[in-house]
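Got some structures for you, see below.
Note that chain A is present in both complexes that follow, paired respectively with chain B and with chain C.
This part shows the complex of A and B:
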């Protein structure tokens, strides 16, 4: 099925948002390679970070013919304002394990819902891709949930630290839900169909369930539709530095073949 | 290494850790099944706090080494070996079904073999030897109670769908060799080399 011309720009925005979230999260989390809390978790967290980047790559490849750009150009060759990632994936976690896991936990639950929506898209190649990514997202969710429970029910210090991370990151979680320009049309035309309930409610329900089980809590803020952020190219203070470092090699010779 | 990481202030080296220990990590042995219905093969060991963590970590570690369809992990305390190296800490009461793993020669990997039912780990090891000719001649035999083997769920995603061949030796060799060949085949390069040699010698 060809994509209607008038929906193309919004579809590009939507898939860039998904890919950019994953690329930044993967990039940030890969900083933990060699520094994980225990050796095996070091390997596991690095593997999950690699997964995020692999998912981003797959989405950029899919977008290539639609956006008429190659995947490397999409990943590394844009200006900061052209990225559509949510504010929560941008800051460095300062090597605070509780913060790294908390962010991963928020994003994995969001992604599982996002790919469930995309898996119902009437654009079949996209739906097929989303089904496969969604299945892998389940692995990520299991991993993050397990750590939240472990830290929440662990020692007093573990609990305090993860609660602190939740207090810091909960206000940013809502940035994941900022819609891209043209999202209502994508929803209406079946490219990005709505779920049985608003996504934010489903997400809150899932996340709060795990937190309750872990004896933790988070004060989430309500979504403010008037606030423009990452999905519209307005990024936090840390983003410029992140992008500069991430695209350093690409910028030496854009389009270089390896 | 990231610049952020290079500039990281790790704080005082002797920063006190204010946490009460909850006990040690335990060793688990991991087996991976490479094809549906194929045997589970020894993959390696890992350390984890409990069974759940062992499975999550096994999936990311040994499950990503090569294509695999299922994973088993077994707490070392649930493993008995014919050489006496491992003994089951709390053996099942009465008769139980044990899974047998055999190592043909010293240094070989352990392979999943038959199941036997036995009244004790010692009897399971003895029965394992008799159950199959290759087990009789095996260098070493392990047994573990079947209900203590932690298994991934059927249909669960372990090996990812995105191209992971770069993780494998064959994938790496292939892509690197291809790139070299491509590089050497470029005529401009060989011409350049000739010119280069003229100048040097």
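This part shows the complex of A and C:
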């Protein structure tokens, strides 16, 4: 099925948001390779980084012919305001593992819902891809949930540290829900069909359920629709540094074949 | 004209870059189409189109697999062009791994979920990552006193288990 011309710009925004979230998250996770608090989590964060970056790459490849750009150019060749990632994936975790796993917990639950939605798209190749990514997200969600429970029910220090991370990151988690420009049309035309309830409600239900079970809590607010954020290209200071570091090699010679 | 069987035999000689079994035994090959070229078939030459199902989205071995497939098939002389498509429908699953492939992986300390099994991951109790289960027998001593040590492993498609009987770690393919 060809994509209607008038929907293309919004579809590009939507898929860039998904790919950009994953690229940044994967890059941040890769910082933990060799530095994980235990061997299993060193492996886990390295695998999560591989998963997220592989998903991002495949989404950029998918977008390539639609956006008429090569996947490397999409990944590394844009200016900061052309990125569509949510604010929560931008700041560095400062090697606080409680912050890293909490960020992953919020993003994994969001992504599982996002790809469940995309899996119902009337654009079949996108739906096929989203089904596979969604299945992989399940492993991420199980991993993050089990750690929330372990830390929340663990030692006093573990509980305090993860609660502190939740307090810091909960206000940023809602930035995941900022709509991209043209999202209502994508929903209406079946490219990004709505789920049975608004995404934020489903997400809160899942996340709060795990936190309650883990004897932890988080105070969420709704995304303020009057505020423009990452999905509209407004990024914090940490993003500039992140982008510069990430695209350093690409910028030496854009278009080079490695 | 190259036959489908002869193409599959060639593909059976190509090992997955991350796994000690062939891409055929791993169940990656979904479709092989032989298109006579020129179309009248008088030269006995053909183009070949192959659909491959990636195990994981964006698996880093994909480019290498495509190159190995092209190299192998064009070396035969009777094949001109090889087109490789990567598809997600139908989804690849551990159930596509052949019996021969399972046996060979086991020799290398990698087990594969039984056909139709659900554990682990989906529907598993989620209290800790050290999930105890009798569903995954140890490839070395067959004991079922094993537990999931890490849901992530050396490649994206594998997890790490530990056997309490023979005290060996082993790998288990992920069922998504």
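Just so it is clear, the second predicted complex is superposed on the first by the 258 of 258 C-alpha atoms of A that agree within 3 Å, B and C clash if a C-alpha of one lies under 4 Å from a C-alpha of the other, contacts with A are read in each partner's own complex, and residues count from 1 in each chain.
The rule is simple: contacts are C-beta pairs under 8 Å (C-beta built on N, C-alpha and C of every residue); 3 or more make two chains touch, one makes a residue touch a chain.
Since the structure is predicted, the reported quantities are computational estimates derived from the model, not experimental observations.
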| item | value |
| --- | --- |
| Chain C versus chain B on the shared chain A, clash or fit after superposition | clash |
| First (chain B), second (chain C), both or neither touched by A:135 | both |
| First (chain B), second (chain C), both or neither touched by A:155 | first |
| Which of chain B and chain C A:31 touches, first, second, both or neither | first |
| Contacts of A:245 with chain B and chain C, given as first, second, both or neither | first |
| Superposed model, chain B segment overlapping chain C, candidates 9-17, 117-125, 153-161 or 189-197 | 153-161 |
| Chain B and chain C footprints on chain A, overlapping residues | 40, 43-44, 47-48, 51, 54-55, 57-58, 132, 135-136, 138-139, 142-143, 146, 150 |
| Chain B partner contacts - residues on chain A that touch it in the complex | 31, 35, 38-41, 43-44, 47-48, 51, 54-55, 57-58, 92, 95, 132, 135-136, 138-139, 142-143, 146, 150, 154-158, 245, 258 |
| Complex interface listing, chain C residues touching chain A | 54, 56-60, 87-89, 91, 121-122, 124, 126-129, 149-154, 156, 160, 174, 176 |
| Contacting residues of chain A [partner chain C, same complex] | 40, 43-44, 46-48, 50-51, 53-55, 57-58, 124-125, 128-129, 131-133, 135-136, 138-139, 142-143, 145-147, 149-150 |
| Interfacial residue positions of chain B with respect to chain A in the complex | 2-5, 8, 17-20, 22, 25, 46-49, 52-53, 56-57, 59-61, 64, 156-158, 160-164, 179 |
